[in-house]
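Paired with chain B in one complex and with chain C in the other, chain A is shared by the two complexes that follow.
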Partner chain A sequence: MAGADSPSAALRRRDLCTRGIRLVGKMRSDVIDLLDTYVERQGLDASASVAAVEGVPPAAVERWDEQTGTQRLLENLAAYRAFRVLLAQMLEEQREQLGEADAALGRALASVLLQVSAFAYHLEELLQLESRSPPSEEGDGPPPQPHLSLFEQKLRGLGVLRELAQWAVRSARDLRQLAKPSPGTGSAPGLAESP
Partner chain B sequence: MFSEWNWVAYGFYLLLNICSLEASGGLVQSCGHIIPESPVLALGSNFTALCILNESCLDFGNIYANQIIWKIKNKVVPKEQYREINRTVSSVTFNDTSSLATPLTCNILADGQIEQNIYGITVTVGLPPEKPKNLSCIVHQVSKLIYRMVCTWNPGRHTFLDTQFRLKYRWPQENFPDCIPKDVNNSCTIPDVHFFVNLEIWVEAANALGKAESDPLVLDPIDIVKPLPPHNLSVSSVLPTVLKLSWVNLITNPVMKLKFNIRYKIIGDTNWMEVPSEDTASPRTSFSVQGLQPYTEYAFSIRCMKEDGVGYWSDWSENKTGITTEDKPSKGPSVWRIIDASHSPDSWTLHLMWKALKPSEANGVILQYELTVRDKSTLSSPVEKYNVTSNNLTLQLPNGTYEVTVVARNRIGASPPSVLLIPASNSKAPVTNLKALPKYDKLWVGWTAPNSYVLKYVIEWCLVSSRSDCIIEWQIALGDVQGMDLKGIKPFKCYLITVYPLYADGQGSGQSVKAYLKQDRPSKGPTVQTKKVGKAEAVLTWNHLTVDEQNGFIRNYTILYKTIDGNETVVTVDPSKTEYTLSSLTSDTLYTVRMMASTDNGSRSGPDFTFTTQKFGKGEIEAIVVPVCLAFLLTVLLGVLFCFNKRDLIKKHIWPIVPDPSKSNIAQWSPQVSAKHNISSKDQMYPEGSFTDVSVVEIEADDKKTFSEQDLKPFDLLKKEKSTSEGHSSGIGGSSCMSSPRQSVSDSDEGETQNTSSTVQYSTVVLNGYRDQTPVQVFSRSESTQPLLDSEERSEDHTGGGDSTPQRQQYFRQNGGQDETSADRPCFERTKQITHANEGDLVGFVQLQISGQSSQPLGFGMEKSTQEAGLSNVFQTSTEGQTVRPETVEENPLSVHEMPKSYLPQTVRQGGYMPQ
Partner chain C sequence: PKNLKCTTHNLHKMICTWDVSSRRRHGQTDICYTTNDLPPPVCFKTKEKRVEIPVPESSSTVTITTNSMSGTAFATKEFEIHKKDVLFVPVTPRILSLTPDFATSTINLKWSDNGSVFPYGLDAFWQIQILRKETMEKVTEVSYYSKLTHEDVILSWNWTSDMPLECTSHYVKIRCYINVTQFVGLKDWSDWSPVEVIPGKDADPSGSGVFPLDTVVAVGSNVTFCCVHEEDQNVTNMSYGSKPYPMIQLSRRSYAIRVLNASASDTSGTNVVCRLKNEMMDGTVLFVGYAPDIPQNLSCETPNFLTIKCTWKPGRPSGLYGKRRTKYNLFERKSGKNVSCEVNEINREPVCGFPVLAHQKTYDFILGVSNPIGQTESSSLLVDITQRVHPKMPEKLTISGNNSTSIHLSWFINGSFAEIRLLCQIEISSGDSEQKLHNVSMPGGKFSSYAAQLNALHPYTKYQFRVRCSAADHFWRWSDWSRVEEHTTS
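Moving on to the complex of A and B:
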């Protein structure tokens, strides 16, 4: 991790981590608000169980504290690139279904989408600081979805938002771990902090 | 020749038009065009335009480029700027586009000097946009989730062209749509921003002449947020000095951690206090404000910003009020007294008064004051207790030393006691050097402390006014101060300030001073008037202005006086005086005087008063009058003495010596005559129709001696006058109208008329009745003019008024004709009145006329005929009765002529009177 040796790189990484943490914090807050709105507007049950979204790596992972920084960043980047595609798809579906009738829901989805994109940018920056060029988006992202019914689309949207909220929590913990002034390349375990 | 050229030009013009129609396929087609077409030019740059003629026009009209004329807005461009490129192209060059104007036209001067427009273009001159500067952005929180970013910049100079500004922003990997300003060119609002990602922001300005971009601004919008202030602020009371604030933040913790400012103030105050910022530098939703005053209403307000201080403070929230709970009073009330010992020397009326505690001291609602009064003169005297709700207490106490304590009590408890020691007499040392000076808007009172330790000072003051009593206000100052500001002092009012030092064991006597917070000129001037005015001085008096009119300390009075046309004289008078004497005034002169009262801040004059100095000074009149009177008296005295000394001489001149008939020789025959004259009735005196009673005067030789020549002179004069005025009567008895002896001669008619009945008595001479001579009444005919009043009276008695009147008239008639011009009118009128006698009298009258004629000196009778003719008319118009009289008189001429031989006075008439 060449960048770690440079004080400016360390500051840059620290700044990116700090702002990334706050970004995912706000993203989580907005996603939780959006979840309530989404359930209400889509006529869903907030307690409905939704299957795991295909194409999105699960936020929950075993041996989390043993992950390296780069590994964390790559998993986060993969997840958020997937969320970006899914949210863009949800936004398109929402516009097709509701048109301009529910502009507030559309604006909220677009806002979350932007935040996901911004966080993905953060992660790419951090990866560059880790001397790792971010992987191309060619292979990332969820696989093409088969044609789903309207209800299935709604349920899938609910699942995406829930998973995003969980990832927001994990991402904050990952970035805090990365922000710690550990000289290693991320192999050293960081302290677990709740967001 | 000229007409031929016109026809040629007209044909050429038609040809041009035909060419145009043909070239445009039926519409107007010009014979050329300009390159560039409607350019936009930078101001100050150079510019070249080309006019290109169509070949077709060359063939028809022989038009070539050398005939082209360039014009700017109908003004021909100088030919120096032209250049003929070839026979169809002409160019014009402008070194500075600022001289350009629209339109720029290409014209041709055809044969016949006719100018024809070929083409024209519109030239737009402007400036390229400047680089926008000073780009700055702020993110306003609109609601809990919505943030708007407003960016502003300096657009630079005016370009004179339509210039578009665009606010551009992007993430490193994502572009956002441009923000285009509406109606303005220096700001734009981005409706939705996202935090925690650096945003690159810049402004692009573009117009026809170019494009310019500002320096990019890279920032995380979270660092420029101006959040909404916390809302739902509430205040709850915890302790008498603590209030707890609670609120709700409108920005979530994940987005932004906040710090706060809390400010508060007592309701009614204007100044805010702030909770120390370090106490509220962390995120929170409540805070307890401590150190407040009990039972006090406070207003609170709160604001927030990002915890790290990057960004902007929110606006202050709306005020929220809360009241702390009560506490017991923190101090006792200040207490003072006024002692009225005027009623009795042995007892006092003690007015105790204390000030209400300030809210910050009362700490609640004062329910009552508890007083104790202890007589320190006697140890065994009980302590008197009083509970009052007012701020004063009046007690009747015997003269002595007392200790008074006052305690204020509210719902929570009682204050510490305030103690006032009231000694029997203020025997301690007073303050010195007491002075009062205005300082800013307050009156500062300063003093020098006594040598002894002073617990505190009491400063009393009251407004001195002639309209109201001096209402005492007071204030207590601590013993370590030597001055204080008095509050509530009005300007232009006189205050009496007294300072008492309070010792642990007594009081010092009060020292007083008068002071004004601010002085003004007096509201009116003194009214001056004179108390006394002399010849060269005047004593002026005036009354002092009342203290309400003074408006300040009267420093002096100024008296200004002048005459009407003189210069004004100014005299300055000490303000303690009410009288002044003006001296060296001019006598008998009108002076105008007015008086001016002056304070430190100006003067005001009273009304004008005028007075006139006296013409004479005191005693001058006496000095003049007394000598004059004395001189007059002296003159009179001298005159009297002179007259006394020269009385004989004067007597001769004034009272000529009347011949004394008693000393005439006729006295010798008077006894016979007297018996004869002793007649009591006319019948006896005048026997009818006879004039036998003629007296003959014989003058003895001895008697001649009694008449000196001097004595005879007047008679000579009389005789002369009588001789010159014929017809004059004897004039005996003088005239009742004329007192002069001379006149009495000439006017003796009336005298005679008054004694007409005594014609006989006239001849009566009283002998020895003059100068102590034995009066012997004799009767004699006399020419004397001296009145013989006794004889007259007697004759009147004898004859009666009715008889005398006609005779007087008769005499008058005789003399009136002789000296009509000299006759006095009163005499004449009087005569007329007398003629009103009744007809019965006329008989006597006629008779008397006859008798009168007989006794009248007949010298008159000669003139009677002519005189009566003259007077008859007069009397005829008077009364009818009078008309008889002339007839009566006319009957007498014969008797007149009969008398002269025997009547002695005829000789007198002829030769003058000679003593016989």
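Moving on to the complex of A and C:
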């Protein structure tokens, strides 16, 4: 079992966690705005029920309390890598379908994609802090999408953004959990230990 | 034997049938016939109550004797058949192929006219029936006309459905009537051909979906959408945009809505949503826009004798975007060269570049334009590019003064103007005095600098200079002014 952190590593992790929480908070508010714009521009019904998006681990997790810090980071990283692929695909589809017609939606999508990429990089930094190299990306992420009709593309986009908004909430909770000092020692526990 | 009836399919042979009144069991039947009273009679036996004999020129006598099982004659009857009593019914046509084109909801029907059986030049009338739904309701009946050529010709006919072919099965059958003018007998329509079917998705056990799928129509179109659901599902409602529509049942698993006079859709198209039970949903997207207008005011010029820039007025926006946007291509007739233009559908000032071709001064342009709804082209434009020079803005304007009343200006113009003379205009302004324009012309160069000398300036005076250029011999348009350069005479 890894021992407690050195003070500098703990400080570094808390700093990364704090910045991560801010980043994911900003991302979430942008995703919520984007969701409203997306629903309106795609002519969708905001209450439409959408199937789970293939390739993205669900934000909801059972026994969240029992997860180790490393598990939290690995699950977060897998999710945001998947979102990076899906959002890039949405952006490509949006350009193909609408061209320049809806530049605002395109910019908003690109902005969220950028933030997702930044947050994924952030998570990799946190993992590296524990001399834990992030898993390689091969074979990871959503499977290649079968050809979807336009309506299916619209619904999948809605599903991706909804799931991303959920993940942003969970990530903030995970990072707060990681940032907590362990009781008594005043220093943050090694990732492997922190529940 | 009674009720002898004779029918011919080919005007040469006829099939005669008759009834037999008694209920006793029969053995073979003896047939004898003579045609146009020419002996001897032709006789033979048959077990059937039909016989094929030649069509007479005028009349035939047919004697029919029915026998018992043991061969003793029951009854004999002689019939006189006149040509005018013979019924001509064409052979039942057979559909050779029935091919769907789902993209255009069009059915192509091919059949043979069996013309080789008939003399040249006869008029043939065909009736084609289209039926739909599980109840085989008649959708339409169409007449088609052709002329027989004494050869078997394969005829082809297209029909476009008012709904996607996926929505439900479409059935087709055909019959014909041949106007045999020289045949004195009776004439009638053939029987209907066997029905051929284009199965809809609702005939496919795993078929489902909303159709048409992601299609483009013109504003004002009437469009039928259908929702085909899987076995264990059912449709609760269907909506176009945000508006629910009354549903028409096509079959057990297929429901349709009809949208009339569709208006222009948003950029991302109008959603057609089919809501199923358990909050499941399926849908499609319809793009409603305009066919392209004929481009107006096509105008072409060259900034540098390397490319030709054409501009035009595109007319009404099509309302279609992305890969469905209106696309332009510039075709030059003399060289046969065709260039597709990069035009962004939002930009209402489109421009298209065409390369200046070696040894070609005049160009005959036509601007083609198309989108999924239609296509058109501009009228042609014949230009001599030496008469359509619109140079770029002069750059690197530099001023050197060699004495108190004259200066030397030089500037650079990006382009290859060796084929023409340039006319440049220097604007001189200083303080409160009036602006002066000084024109100077010089041979054009290839990506070169140009220079001019200005004299009669006032000493110790601060001046602002700028320059613009155009073609000297065939003025077309001035370039933009260069940046202003200041100089104070010493």
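The definition used in the following text is that the second predicted complex is superposed on the first by the 178 of 195 C-alpha atoms of A that agree within 3 Å, B and C clash if a C-alpha of one lies under 4 Å from a C-alpha of the other, contacts with A are read in each partner's own complex, and residues count from 1 in each chain.
Here is the rule we go by: contacts are C-beta pairs under 8 Å (C-beta built on N, C-alpha and C of every residue); 3 or more make two chains touch, one makes a residue touch a chain.
The model shown is predicted, which means the values in this text are computed figures rather than measured ones.
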After the chain A overlay, clash or fit between chain B and chain C? fit
I'd like to know which partner A:26 touches here: chain B for first, chain C for second, both or neither. first
Once the shared chain is lined up, is A:180 touching chain B (first), chain C (second), both, or neither of them? neither
Contacts for A:43 in the overlay, against chain B (first) and chain C (second): which applies, first, second, both or neither? second
Once chain A of both complexes is superposed, is A:95 in touch with chain B (first), chain C (second), both, or neither? second
Partner chain in contact with A:155 - chain B first, chain C second, else both or neither: second
When the two structures are overlaid on chain A, which partner does A:14 contact: first (chain B), second (chain C), both, or neither? neither
Per the contact definition in the header, classify A:107: touching chain B only (first), chain C only (second), both, or neither. first
Contacts of A:115 with chain B and chain C, given as first, second, both or neither: first
Compute the least Cα distance separating chain B from chain C in the superposition and give it as a whole number of Å. 12
Find the residues of chain A that appear in the contact set with chain B and again in the contact set with chain C. none
Per the touch rule above, chain A residues touching chain C in the complex are 41-45, 48-49, 95-103, 149-151, 154-155
What residues on chain C touch chain A, complex-wise? 209-210, 213-214, 241-242, 266-273, 279, 281-285, 321-323, 325, 344-347
Contact residues on chain A for chain B in the complex? 19-20, 22-23, 25-26, 28-30, 33, 107, 111, 114-115, 117-118, 121-122, 124
For the complex, which residues does chain B have touching chain A? 145, 171-174, 192, 194-197, 220, 222, 252-255
